[in-house]
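Structures incoming, each one as structure tokens.
In what follows, chain A forms one complex with chain B and a second complex with chain C.
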Partner chain A sequence: MIRLRQLVRVALLSAEMGLRHAATDAFVIFAVFVQPLIIAVLGLFMLRERGGDYGMFVVVGSGLTGLWSSLLFVSGNAITTERWTGTLEVLVGMPTPLWVVVLGKNLAHVLQSLGSMVLAYVAASLLFGYPLTIAQPVPFLISLVFIVISFVCFGLLLSPLFIVNPDVQRFQNGLEYPIYILCGFLFPILLLPGWTNPVSYALSPYWAARALHAAAAGEATAASLALDWGLMLALGAAYIALSAFLFKRLLDKARRDATLGFQ
Partner chain B sequence: MIRSLTLNTRLFFRGAYLSYVALFAWLRPVTYLASKVVGPLMQILFFALLGSFATGADTIDFYVIGNAVHVVALSGVFGVSMSIGGDRWNGTLPYLFGTPANRLAIFVGRAIIHVLDGMVGVFLGLLWGVLLLGLDLMQTDPAALALTILVTSFSTAGLGLMLGALSLITVNVMFVNNFVYFALLIFSGTNIPIDRLPAWMQAVSSGLPLTRGLAAARAIIDGASLPAVSGLLVEELLIGLGYILIGYVFFRWFEIQAKRRGTLDLL
Partner chain C sequence: MNAIKVDDLHRTYTVRTGIIRRSVKHVVAVDGISFEVQPGELFGLLGPNGAGKTTTVKMLTTLLLPTSGTASVAGYDVVRQGQQVRQRIGFIFGGERGLYWRLNGYDNLRYFASLYHVEPDVARRRIPELLELVGLEDRADEKVEGYSRGMKQRLHVARTLLHDPEILFLDEPTIGLDPVGARQLRQVIRDMQQERKTILLTTHYMFEADALCDRIGVIDHGKIVALDTPEGLKRHVSDLSVIEVEVYGIPPETVDQIRNLPFVDTLAVEDRDQRQALRVQTPRGSEAVPDLMASLNGVRVGRVQVREPTLEDAYVRLVSGVDGSG
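Up next is the complex of A and B:
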């Protein structure tokens, strides 16, 4: 119990440091706030042709793009950043497991990136005059909680993956749009070839988008929400299991090869 | 005079080659593939699918062509501005400003290979459009399209040169570059027809590179001839030259101010 309290304390401290650092980082501000806002403006102009009330659809979709960009570029670089600043060795040498520090950072970044949805909401209502209402606010808010949990778990998978395989990190710039496409952020995955559906189903952002879009539009049912929330939790657990393997592999290899601090 | 011309020409091309080679990150095959091939492909797919969801499958060509041509901004904005800004971040700017070398040749030479690289990106983007999204280029005059892409890439590189000059005095240049790249998605007609934008946004569009080049490219792919779009291309060229001029003035002004204030090492 004491050990758990200690781990939680470190995670929360790491989250606080992560928030403070990200608050003044121009790249983070762009990825989390400016880019989703631009995508929201694009979406609002483009989907205006479709008629109907697509304001909330665009707000949710563009907000999710901000969440993913934060996860990909900020959480994904959680360990890399420590390496660049020369603090990775100190963190690995601590009694606290490295994944706890990364978990705290991910939590901070995911919570911060929820602001992109708020900003898109403001843009849609003030600039475009859309009357925005969330038809099912309680399921919407509960979905956000599940999204935070599943995205934090996804971030735990990304950060060691980029270290274990640097080639994957080099593809970072090319990994933004595929998730927007596969997870149905701004258009349904029905537009995609059928063979891509299993890939979509294996990504928790897809179930996040499903839950939020349905709750915003008033189309969520108990069964659909149970499926979405359940799969976000199950996939989150799978991501954690995979990340545990990657963290162990990362640290074992770095210790064996003495390459922990190498770029 | 001939010797001076020869020296400046050599400086122009040598500087162009070296500044491109200096972007080591982009020359690694995996990084180049990710940034210049996969990334643009994914952007084209995303906006083409979003566009067809928004306005119907029969309008997909609008978004494919728009985003394929928009790829010039990757080289024109990021590549060019990083070529200029790289001297600052690598500490070679004082040495550069200490030389008697022709500043215009140095400045503009940085952009040339990125202009060509931008063209390659657009051709790849259009190829993806043909292979994956049914883009029909049968009505296109290839020479006219190639010239249009060259002019558009040049004018976008002009914007990149101006941003590169600004990068000499700001630490947030990547924020600015990213903002400009994404703003072009809205203002240049890439994903939204210009005439659907509010008047103030149309005014901004008219002052940006890519807007006229993209309109010309769409017309040519639709079967228009080169004379029919020549007015647009001339305006696009002039826009690019205007940005180069502004960028060069900034570049020279920053150098003069840095030398006058003794802040060359602080740049």
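Up next is the complex of A and C:
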């Protein structure tokens, strides 16, 4: 029986190796650091003309865009990438469950992406002279921890989903902006048609964005934070359960159809 | 208890072609093979490309589900008890892939050790030992992308020994290696054999099977056509001699004529640039040389040699379907 301690160790080492690996990947560098910076600069330009204090909203929002882009492209393609490098067969033939490896890699991407939020913060502060203050720093930092958990779980769902249903992967690029919009990264979802709201509520990044924006602006209450954090955890648990089912289905199918490796 | 037991194992692949008029084809890769491997034995699966060697290894390493039949490794069923099997085996598939090229050799091993649940203090002790065993101790801190093919293969060997497995599956481990690299790797396999590991080795190099294996199963078109010790397999052709004739530009119809001569048991043709080497197995030995020369119909002839049969000749005879017993 594999012990939890062993799985945690594998996940952490997988995260470490993921970070080392990604440090040499130009696309990851772009998705995590350059793209959110561009979005932050554009957002800050637009909001400066409009007046008001939106700096922190943009910083948080652009950081979350970096997180989502990294998850969508890197975690979403995690299994495909392992297959192309020939390591998928090696991983599947080992005693560690594959989802633990992917979970560790997602953790690496999420931690890396938090760096993009810091970058946007620096850009807003130095280039645009916005006074950047986090109104409720403790709830903000706790929210960040919940966000790491929530995004790691969300990413865990993407890899097997993209493999089990290749049609989803075809629309991978098209999934980037709808999530920015549906999750309220850069503007509140109140501006969207009402019928889209249930979709937003089912996505844990929406609750992550809500908690961060509220804590940054000083609008978070105990009740709102409890709701946001609780739903991040609940949805995270649901994503893990669903991904466990998809991972099992994926591996059964791959063993049956001989698609673990490219011959 | 057998280390590996395979009983009437089948594997069929489904191949779909066409977009509008889709057709489905079933390709039989493994067709009812059965064999057993004893603990500490080095068992070879020898066969041409596409014979079913890799498919067999993938089923035994739980990477592929059999279509029917059963197989157990270390006493555990490969379908129902895959997790137990995976904890007790190591495997290598030929080629350079399967490593993280942007990480260095040491980090690759450190990562794979954790995936095999090797305790960190054990891994810290074992990784340098294995790097020394495979001769990579001086290159361990370099990225794998800079390694030669042979170095990558040796890193694979180190990877597969991290958790000290009972049973090893080595699928064409020396394929594509230069002679020096292949020799080094064979020495590593011998070292593992000395440690009484059970090893299933697949190869299509005859001399490799002859030099390393205790017993060999010859597989062709998904079936085991012979199973014996290397010496036992050579006895399949002990009644024959081999005439090797070097020819230049022999037409296919002449090859067919020779194949049909009454004294020719089997005929193999090997292309060597501008030349071809005809390898004729015959019970008549050197007496058959004049008749053979006469049947070449004026084709330019180079060196002619009559020799005793080797394992390769036994293999050629077996996969040519002349001797299907075994």
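Convention: the second predicted complex is superposed on the first by the 259 of 263 C-alpha atoms of A that agree within 3 Å, B and C clash if a C-alpha of one lies under 4 Å from a C-alpha of the other, contacts with A are read in each partner's own complex, and residues count from 1 in each chain.
Note that a contact is a pair of C-beta atoms (placed from the backbone, for glycine too) under 8 Å apart; a residue touches a chain by one contact, two chains touch by 3 or more.
Just so it is clear, the structure is predicted and the values come from calculations on it, not from any experiment.
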- Task: Determine, for the superposed arrangement built on chain A, whether chain B and chain C clash or fit.
- Result: fit
- Given the touch rule stated above, what does A:181 touch, chain B (first), chain C (second), both, or neither? first
- So, does A:255 touch the first partner chain B, the second partner chain C, both, or neither? second
- Determine, under the contact definition given at the top, whether A:242 touches first (chain B), second (chain C), both, or neither. neither
- Task: Report for A:191: first if it touches chain B alone, second if chain C alone, otherwise both or neither.
- Result: first
- Query: Which holds for A:96: it touches chain B only (first), chain C only (second), both, or neither?
  - Reply: second
- Between chain B (first) and chain C (second), which, if any, makes contact with A:14: first, second, both or neither? second
- Pick one for A:135: touches chain B only (first), chain C only (second), both, or neither. neither
- Shortest CA-CA distance between chain B and chain C [superposed frame, angstrom]: 12
- Message: Taking the stated contact definition, name every residue in chain A that is touched by chain B in one complex and by chain C in the other, in rising order.
- Response: none
- Enumerate the contact residues on chain A facing chain C in the complex. 2, 6, 9-10, 13-14, 17, 20-21, 24-25, 85-87, 89-96, 101, 252, 255-258, 260-261
- Message: List the residues on chain C that touch chain A in their complex, please.
- Response: 13-14, 58, 61-65, 83, 86-87, 89, 91, 93, 95, 97-103, 107, 110-112, 114-117, 120, 159
- Query: Can you list the chain B residues touching chain A in their complex?
  - Reply: 28, 30-31, 34-35, 38-39, 42-43, 45-47, 49-55, 172, 174-175, 178-179, 182-183, 185-186, 191-192, 196-197
- Task: Could you please specify the touching residues of chain A with respect to chain B in the complex?
- Result: 26-27, 29-30, 34-35, 38, 41-43, 45-47, 49-50, 167, 170-174, 176-178, 180-181, 186-188, 191-192
